[in-house]
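Encoded as structure tokens, the structure appears first; notes follow it.
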Amino acid sequence: MNEIGRILISCQDRPGIVAAVSKFLYEQGANIVHSDQHTSDPTGGTFFMRVEFQLSDITDKEEKLKSLFTPLGDHFGMAWNLSLASRKKRIAIFVSKAEHALRELLWRKHSGDLSADIAMIVSNHPDLENLAAREEIPFHLISVDKNDKQKAEERQIALMSGKVDLVVLARYMQIVTPYFIKHYPNKVINIHHSFLPAFVGANPYLQAYERGVKLIGATAHYATEDLDAGPIIDQGVERVDHRQGLDALKRIGQYIERMVLARAVIWHVEDRILVYGNKTIVFN
Amino acid sequence: MNEIGRILISCQDRPGIVAAVSKFLYEQGANIVHSDQHTSDPTGGTFFMRVEFQLSDITDKEEKLKSLFTPLGDHFGMAWNLSLASRKKRIAIFVSKAEHALRELLWRKHSGDLSADIAMIVSNHPDLENLAAREEIPFHLISVDKNDKQKAEERQIALMSGKVDLVVLARYMQIVTPYFIKHYPNKVINIHHSFLPAFVGANPYLQAYERGVKLIGATAHYATEDLDAGPIIDQGVERVDHRQGLDALKRIGQYIERMVLARAVIWHVEDRILVYGNKTIVFN
Amino acid sequence: MNEIGRILISCQDRPGIVAAVSKFLYEQGANIVHSDQHTSDPTGGTFFMRVEFQLSDITDKEEKLKSLFTPLGDHFGMAWNLSLASRKKRIAIFVSKAEHALRELLWRKHSGDLSADIAMIVSNHPDLENLAAREEIPFHLISVDKNDKQKAEERQIALMSGKVDLVVLARYMQIVTPYFIKHYPNKVINIHHSFLPAFVGANPYLQAYERGVKLIGATAHYATEDLDAGPIIDQGVERVDHRQGLDALKRIGQYIERMVLARAVIWHVEDRILVYGNKTIVFN
Amino acid sequence: MNEIGRILISCQDRPGIVAAVSKFLYEQGANIVHSDQHTSDPTGGTFFMRVEFQLSDITDKEEKLKSLFTPLGDHFGMAWNLSLASRKKRIAIFVSKAEHALRELLWRKHSGDLSADIAMIVSNHPDLENLAAREEIPFHLISVDKNDKQKAEERQIALMSGKVDLVVLARYMQIVTPYFIKHYPNKVINIHHSFLPAFVGANPYLQAYERGVKLIGATAHYATEDLDAGPIIDQGVERVDHRQGLDALKRIGQYIERMVLARAVIWHVEDRILVYGNKTIVFN
């Protein structure tokens, strides 16, 4: 892992991109381990690429690699990002009272599935402070005044400044404002329940129960200004039937949220996700 | 199958219902093969029951059974229905141009999964006439004037009068009016695509594609006056990703529609579905 | 929950069983909340029933209920069991070094999904002692001499005597002998990986990897003398592909094991499982 | 589609392969539409690649492309194959009495999912001759003497000579011999039921039923000399429970077989499958 690098690329599609990128890596002495590409449309579409490569002493070579790659990126008009697997992303997990999403992330960290640092846990309620303490993760209680959300958000942003690469809203239950999002564009992951059909308004589980849905699900997505309408990263569902009461639906919903959120966070920290318009390309 | 009967019951829950029904069947010489029950709430809820039983010479005894059961049903204030497995339900399948849903139903009929009679195929387009002819099923072309839907519906209802127990909208692509539904309450099954989240308005597959959904699905439900908001019978989903273009999404959607609609129709003809408020109890 | 009782019944099928049981409960003042039945064969098969009922002051009435039900059970030749939801089953969890299965069970206990007491954790390795301590659950280290397994099993059985209703082998990694099983017939739940096709012999994940399986799974079952051939309680699978290396397969396998084992244990403690020959009837 | 080409490559991994292939295509004026790669091991493993590209007038250029690519392939020691999407593969479907697998393939052909020609249907029973006739596909009845299989196989191979690119055993129910396989290496796709655990010997559905399995499935694979042990292409499963009798299990099994076989055949004709040892890399 100490020698693994990843490049994420998007640009206007045209012939020669793959050839140029792979030639570049070859000339640097790198060996391509995985390479995925996608074109939104073979004629005049957008081109996406993720390359994972192995290169000895990559940490020493990082700056040089980036400066050498820059003219190539400029030539094709690429948006690109080069990262090192050994440089773990730092996550702030935002929670409220429910612990299931947080617990799953901590578990994945322990098991080795989630190769990232949990820099801090931020909450508007003290309920999960003990859990944070047991894991020796800094816990910040910042209550939110619903008439002045930005005040709390300013504190949060100050707290995270320079220490956080990704914000995970792990059942935070607060709408974050465009002010907040602007500081972490495509770097705030949210999880919410999903039903077929969708139920708008308060108490969606009750509505789903009363409609007798046969599937319940969860969606992980990047938060955007229009909070729940951002690019979808992953989704999951489970079958239910009339025997599941309202409580059972909620409990099953929590298990889906755990799984879907964990996958989305892991894919993000492994640089597997490219955002394009309002959708994601996930090279998993 | 010639000796199989089924009773569907719903009523206010109270002690003694199961005892009374099972004692009744025992006294008639019937043997219970399957019995399913459900209570919407243990205290003061609604009680639902489906009993499948075996009884020699049930065809001869049908009328007597019904008249003997009537006082029991009255005593508990039951809505109940007794049916014989050997008396196959008669289905009218409404189609438009797409053949996948119709084909699957015909297939299930051939394979023995769907124990029903296909009484007729009704369409507003001639495209599937040959398929109907090959299967020797009457095909009725009734074009629909969008400014006077009721005219077409009157012809449809006249055509089906006395010959049809269930209407299946197998991608009929026309909204049926409350006038039509009133003639077949909880006897019109519709299938439509379903997405997480739901997309309102025209061209939902395009919207789903542009949002980059990771799951696409289909919902089978009873059509009610508010067409797509009726009681859900079954739902299905499949995972998709960025590699599936718009055409692929539509094709995968068709396969889910086939499976989900077929299950819903089979459950209906086997008397497995009870409608309660805006939801279904499916004893499958 | 303090007023909920459950009866599990199996006997030779014949008319009148449901009538007799439901009449009995009605006469005792009980209200049936759920009732499930199954007949292995409508003609001369075995009959299975689970009834969940509500009865005021059931704790005081338990002994009387049992003695009143006895003649009815004798009349039909029933194997039957009456239990109270408020009397939680006591579980001994057997572990080795892997923590995932244990952690999931503890989590389900916390979340309220698993309504049981964890009486003790038994292990042949000290690795999970701290986890047990943090949860304040007695931890017993009993090393196993592979040349004299019975010695360890005698200690285990003595330790559990009168304190344990269910043994869960949560990746215990030791084969328990018929001597052990005899003390807990249909009361030892095991979890193991499952592949399509099955791989016999050492290192099944490596074999599965080398065969390029596209699905990996897990099976929870009651341990019998022929350890892995006992009645199956539940199974789960996940799709995999060539991108998952051997480590990833093992990790995905662990998540399936967690989910499947948790479901099986919950169903057992809620008296939802009847064993019949080498199979289970699960009324979930 | 008339301008789409595909290259499948496998060789010893080493730096520079992607660069060389993409440079080659760029120099020929081709635009890469999809490109997938995989390395069995970053250090000294085997490298696999599938490139789909667009090239004007590719049909005219095919031979030239191949001869120009040959030195590049030789340089890296590649096994490679270049094919044109417009040149449809010709399939022989082998059947016996069951029609479900054949019907699904015909359906996929009609719907446009399966872009291939069905060159012939071969059977040892006359049952499906009418179905073939209705589709206007040549039907060859070749009975198999179980004491001299090779005699039938010689006729089959003579019949297919020069006319068939892929053999699909669509519930053919006959074991084909190594003699047959040798003529179509990695070009014979078989479908068979799969259970967790696997059941060896006669009547596997009965064994699965008696063990009370909770999942049944199907596996599509390339037939090899050891028939059912060849490289797995795809697998599927469905949940079942005690309510499904033996007949229902078989019927559900058929639906899984339909879906899994159709996917496997589609992937093959779209050149998405690379065989490596006893496993497949599927770039789907």
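First chain written, first letter: the chains are A, B, C and D, and each begins at residue 1.
As a working rule, contacts are C-beta pairs under 8 Å (C-beta built on N, C-alpha and C of every residue); 3 or more make two chains touch, one makes a residue touch a chain.
Just so you know, these numbers come straight off a predicted model, no measurement behind them.
*Asks:* Tell me, which chains sit next to both chain B and chain C?
*Replies:* A, D
*Asks:* Of the pairs A-D and A-C, which shows more C-beta pairs in contact?
*Replies:* A-D
*Asks:* Of all the other chains, whose mean CA position lies farthest from chain B?
*Replies:* Comparing chain centres, A lies farthest from chain B.
*Asks:* If you average the CA atoms of chain C and of chain D, how many Å lie between those two points?
*Replies:* Taking the average C-alpha coordinate of chain C and of chain D, the gap between them is 41 Å.
*Asks:* So, what's the distance in Å between the C-alpha centres of chain C and chain A?
*Replies:* For chain A versus chain C, the centre distance works out to 37 Å.
*Asks:* If a residue has to touch 2 or more other chains to count, which residues of chain C qualify?
*Replies:* 34, 38, 243
*Asks:* If you look only at chain B, which of its residues touch chain D in the complex?
*Replies:* My answer: residues 34, 100, 103, 107, 111, 113, 134, 243, 251, 254-255, 259, 284.
*Asks:* In the complex of these two chains, what residues of chain A are touching chain D?
*Replies:* Touch list, chain A to chain D: 13-19, 22-23, 25-26, 29-39, 42-43, 54.
*Asks:* Over in the complex, which chain A residues touch chain B? Could you list them?
*Replies:* So the residues of chain A in touch with chain B come to 38, 194-198, 210-215, 217, 219, 228, 231-237, 241-243, 276-282.
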